[in-house]
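Okay, so chain A shows up in both of these, paired with chain B first and chain C after.
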Partner chain A sequence: MSGTKRETGFTFTIDGVEVKATAGMTIMEAADEAGVYIPRLCDHEGLRHQGSCRVCTVKAGGRSVAACTQPAAPGQSVENETPHLTKMRRDLVEMLFHEGNHLCPICEASGNCELQAMAYRLDMTEATRFPYLEPCRSLDASHPDIALDTNRCISCGRCIRASQDVDGKGVFGYVGRGIHRRVAVNGENLADTDAEATDHAISREVCPVGCIIRKRVGFAVPIGEREFDHGLIGHEIEEKRK
Partner chain B sequence: MDNGYTAANGKRGPSCDVSPVPDGEIEDICSTYGNDKHRMLDILREVQDRYRCIAPATMDRIAAATDLTRIEVEGVASFYSFLSLTPKGRVTIRLCDDIVDRYAGVADVVSVFEEVLGVSLGETTADGAFSLEYTPCIGMCDQAPAAMVNDVVLTKLTPESARQAAEALKAGQTPEMIVSNRFDELSPRERVLAMVDNNTRHAGEVLLGPVPEEAGLTNALKMTPAQIFTTIEDSGLRGCGGAGFTTGRKWRFAASERAEKHFVICNADEGEPGTFKDRVLLTERPHLLIEGMTIAARAAGAREGILYLRGEYAYMRAYLEQVLEERRRRNLLGEAILGQKNFSFDIRIQMGAGAYVCGEEGALISSCEGLPGEPKTRPPFPVNRGYLGYPTVVNNVETFCHAARILDRGAAWFNAMGMEGSHGTKLFSVCGDCLNPGIYELPYGHTVRELLAMVGGLEAAAVQIGGPSGVMIGRDSFHRRLTFDDLATGGAIIVFSGERNILEIVDYYMSFFVHESCGYCTPCRVGNVFLQKAIGKFRSGHANPEDIEYLKDLSATIIETSRCGLGMTSPNPILSTLLNFPLVYSATSRPSKDGIRDTFDIQSAIDSARKIAKRRSYIFDKDFTQ
Partner chain C sequence: MAEPRLIEISPVTRVEGHGKVTIHLDADNNVDEARLHIVEFRGFERFIRGRLMWEVPVIVQRLCGICPVSHHLAAAKAMDMIAGVDTLTPTAEKMRRLMHYGQVMQSHVLHFFHLAAPDLLFGFGAPAEKRNIFEVIKENPELGKRAILMRKYGQEIIEATAGKKIHGTGAIPGGINRNLPIERRDHFLSNIDEMIDWSRDAVKLARDYTLEHEDLVAEFGSFPSNYMSLVRESDGALDLYHGNLRALSSTGDMIFDQVPYTQYHEKIVEDVRSWSYMKFPFITELGPDAGWYRVGPLARMNTASFIDTPLAAEAHKELKAVTGGSPNNSTLANHWARMIEVLHCVEKIRELLNDPDLQGTDLVETGDRREEGIGVIEAPRGNLIHHYKVDEHDQVTYCNLIVSTTHNNEGMNRAVKDVAVKHLSGKEQITEGMLNHVEVAIRAYDPCLSCATHALGQMPLQVELFDAHGGMIDSRTQCV
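After this line comes the complex of A and B, so read on.
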């Protein structure tokens, strides 16, 4: 995008707010810069866009699209936080809760967990209607410094992209198909890979839930003083507008 | 779902090393494909065929040869149904469990195989001789029940013919010998016809009637690409795979994209249950298909093409290879086609390996690139950036065949057939409860009732138009027309009599989508499982009237938020039956007696607690004793 050529800027609106963009920018990139938060789970700053969780679904020109992969278009009017879209997003987040085993009170990620924080933001306060799939996936505690509890994995694939693109390693990957598709490691278990606790893929910011666990630091920050105890998920982006 | 707690420390499943593969053999297979990671599907298919399993140690070696990580190889190997991480039998029998095969008695056929071979469905015999499993629609619904025995197809199975086949296999005969004891002497085409009937019931003017050889290509070579686009656009031809995009525009978009290379891909991955039209075209009109692809290559400026053949159609691969070879010999493929110095084009066959989603354009391209068959993010569209990032034309088998005929007879000839917005003819593959299942080539615009009269199916109570991703209609809709604007279809027409259980059909179709979802996006991966579970409540009599709203509501979320056409259409079996057969749902749901969900069963809910506590419940077990 950048280069010697003059970049062609344009504007469009999100929920009536005018947003600036340049050619090739996605709706979400432009929104982030303008301080408009679009909920997302699989997308993460500095990683390739994947468009798989669908939580960032917006209406652009009347069509429902993933804001993280859809290029912004001049003059377009985008709907983001409408009751309809919030309901769709809540359904998707509920699906993720019910697909895995997400027991917040016993999870060390509670308070730092983006899935939990997204549920609060989307007002997931009533009893859910979906059945629980209650998977029983094996724990991987083989690595001296890292543990994996894929019962909490939401298949966002952020660790896969971080390991490939940032760490240059390829510790993680998807295996299987359909409801059996999930994140697995490059070997018999995590100890069999070249993963290290200092990898970007292992860092707290990459895994949005309590699946990738750094051993011995889980409660270094007490509950009540954690990331989303200070504000709703997305508040940092929204504060840019203030 | 994963059930049963597996060992700690994440060791994944039993190792499947049958016996270590000798040094060099895996490497030889990889080097056959130039150690090219984009040929991963070919490599894995060959490893599977030869060693019956893709073991972890083998994946390490493939990864080393192709410069990938093992997890990337495993990602592909674990995606496709015909590849296996655990050992399969030397002979793998895959019985088609489509709803049409079920109604044709596949369960009795399964029992015979189980009894004779001493193996249960889903298992492999201890000596590694036989595996027996179900597989979704293999494109033989007009001659159900059907099965694949390795790559050999057996059709119109009965308990008697199944017993003969099973006993022959047990006695050590090859699957080919079941088809014919002189199989070796047959030509590739004769072998195809010995296995599968065409069942062409009505030949139309465009595709299945008399077709002159290479007339379209000869004309195309005298035209400029612009003239070819204009001709195809003027004809009104739209894609025949289901989506109905204007073919001429697709070609024009791809050609106008400036790039080092362009590609033409034929989608011969017809996996929609009840569809078998491409099977008949591939058998009867392979030259016309390749002619159409060659014309598209000429127009779009492509030098390379791929024919993506679904894994279920491996039985016709040798025949299609022979057709390609013959065309190379006749200078209809290869360098300087028919003496035109600046026009070279050749085609390779890419075999699929059991994945319905690969019929989706982007997933098909992913699969050709040696990746799991996951749809690609759009934009960019394949015409802009497709196979390996180059502009790519992807069309269905039937579409290419039509294009070749249009170049022969002209746009006006084709445009005059059919109706406004739906020009030309269409192949309909008809199966189910009718007297004459098979292929009907008809102009667009016939009513369902007219088609039913032709096929001997006027007794029908319900007709599934376009397979599970289409719609199910009842008698009050038989006046509707088979066009893009009314009842659009890729060609599948499944007829159901009044004896069939609508909910059973819907349940089967939902299980199909659950099985075939790639799992990339949340709504399709998870939502379809929930839909199927909800249908189970109606079938078991546990549904409440609110569950009808739940079905509609969940379906709407899946349709609106899914990433590709699979999820955008997977709720259709439910939505179209809710609309057209509402009584089926209201009759099987009732308000709960006490406000508690009928599906809640206290006994099963406390069962695991009982086991852990090793005692019975004081409150819920009447015969409580310490």
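After this line comes the complex of A and C, so read on.
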């Protein structure tokens, strides 16, 4: 949430559905309250908006904007689930698979992974069309209670914001530029930081993939009871409209 | 005088994995050398290094799509040891056992009905187009139906215990991640009597074949060997999930007994040969020439003092009576042994389904960390050893896997040579049916070459014929 004081309410539409909002609300915040799901990866409840993954791109007033950062406007007509936007989102997700080493069959985040769930939601039923970059990244298991497998990182930055804004620590940060930009830890390795397993940044809900791992709890939740075993990502928002 | 030849059978069909057979004939068309070559390489032992210990049971089961549960459980047992857990909760141990019995049942049924039955029903030299499961179903629809439904039952047991029919996640270091809900238990109990009846019929089918083809079974790929398996710690009974190591000679003399499997490396050594990606293990004290041994269903029938489920126990006694209680050295008797194990597994499944511990909620134990773990299990194809070392950061630093098909490497090669000598030697023309005899001998071991080379793919068999100077004269390839 931006923290901006809310004023008089107004309405706008998303794919023809009338949505209520107040001044200062983003398109995504208004959509969530109205039970309209807009796909997202870098945005997370309780963290400041970043608008970097672009999976939440919608068309507003004929322009492509990030729904998580773009303020809602009275009378605005927003396009969300159009074939064009869905394809664009699927392309983005495919590129995330192409950039990293996402081996869902052996990943402990499988079933709880937002990237995997987003791929299912966007009907990405085959391997990415883009050639895998197969980066060679080492696993940092130096910390006694936490491991970091950056082969699975999608650079969403949620851990960076959680560590800085919620934990008040700054364990994580970005290094590099362009395609080389990566999440890194503030030290030689994770053991060299003040990260703790109880940090919000380390919690399963903050890392959308299997990059940040709390040690020795992998696969403890059986298949069938994992977060996305019983519904598509976003279903809990969409259920508000039912 | 004919020119020397080399025959290549590639791929070997109706087995899991990818291999080929080469048969060298001399100038008189007599078999000079015959070998089973494993031409795949997978490298699990290497790339598991660096991964986190609780990922291991989920990663290494990808060695195989037929018996992933065996790798999953063997690795989980090794991780129990590393997690410092020597005794699981009753619910965890029984859920794992249920998973394993479902696995052995479905794998044995797959092999006997889908892979081996065409040879047994239609003859080893039957036309190639006849030798498949579809012809079996056409010829005997009831048998075909049972083959499919029995396998389905075993697969559903796996799904209920591991979360998926193939490549689940049930076993975790120190225990299991689920119990068996009452409604699932009742579903399985509603069909268990039918599964018992069908398993008894399958034992009878395999037994009748073995006894009615006494001469063939006695000579086809048969030779004396040592045998090794786990047996139950207390009394030497057949135990597919846990126990100690026992090895017998071909005449039934004990080579070693009740050896904790954590000492396997003191008892067996792996030899390497330049022409195969698969190693050749042997019993250390006997050396490579005399120390090779066989594992699997027939080996287990030979090593086990008895079976602790009543119907399988009777069947076991009948099989043992054929050789007067001595080890049975007939390769083809593996099919009979395999069906006895199906019956045993179904009896065990019934026993477990009636045990309220399966609905317990105490699923995981913890203990003091160790650096090394060894897990051994009797997989469908035989003894399976997983050995790992893990550092203080929970990362794997060492992995050694000895799978059933590797244990049987020397035995399969001898069977190939035995059958080649008996059925190909002195023949001017080698027919496809003759070559299938070689495959039948390999198939009796139900080899999984994917597991054995730690490989992905179908199982093509190739036979090559070389002259005395090493030049290839003829080659026949069978595709799946």
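Before moving on, here are some points about what is shown:
Note that in this section the second predicted complex is superposed on the first by the 234 of 242 C-alpha atoms of A that agree within 3 Å, B and C clash if a C-alpha of one lies under 4 Å from a C-alpha of the other, contacts with A are read in each partner's own complex, and residues count from 1 in each chain.
As a convention for this text, a contact is a pair of C-beta atoms (placed from the backbone, for glycine too) under 8 Å apart; a residue touches a chain by one contact, two chains touch by 3 or more.
Every value quoted in this text rests on a predicted model; they were computed, and no experiment measured them.
Once the two complexes are overlaid on the shared chain, A:35 sits clear of chain B and of chain C alike.
In the superposition on chain A, A:187 contacts chain B only, with no contact to chain C. Judged by the touch definition given at the top, the superposed model places A:219 against chain C, while chain B stays out of reach.
Of the two partner chains placed by the overlay, only chain C lies in contact with A:105; chain B stays clear of it.
When both complexes are overlaid on chain A, the residue A:141 reaches chain B and chain C alike. Of the two partner chains, chain B is the only one that A:177 touches; chain C does not reach it.
Shared interface residues of chain A (contacting chain B in one complex, chain C in the other): 138-139, 141-142.
Here chain A touches chain C in the complex through residues 105-106, 108, 138-139, 141-142, 147, 213, 215-224, going by the rule given at the top. Put simply, chain A touches chain B in their complex at residues 49, 51-55, 57, 64, 66, 69, 71, 88, 91-92, 95-96, 98-99, 129-131, 133-142, 148, 155, 170, 172-181, 184-191.
Chain contact summary for the complex, chain B toward chain A: residues 1-12, 56, 69-72, 74-75, 78-80, 355, 372, 377, 379, 514-523, 525-527, 529-530, 533, 550, 554, 557, 560-563.
Against chain A, the residues of chain C that register as touching in their complex are 50-52, 54-55, 57-59, 62, 162-164, 167-170, 172-173, 177-178, 364, 393-395.
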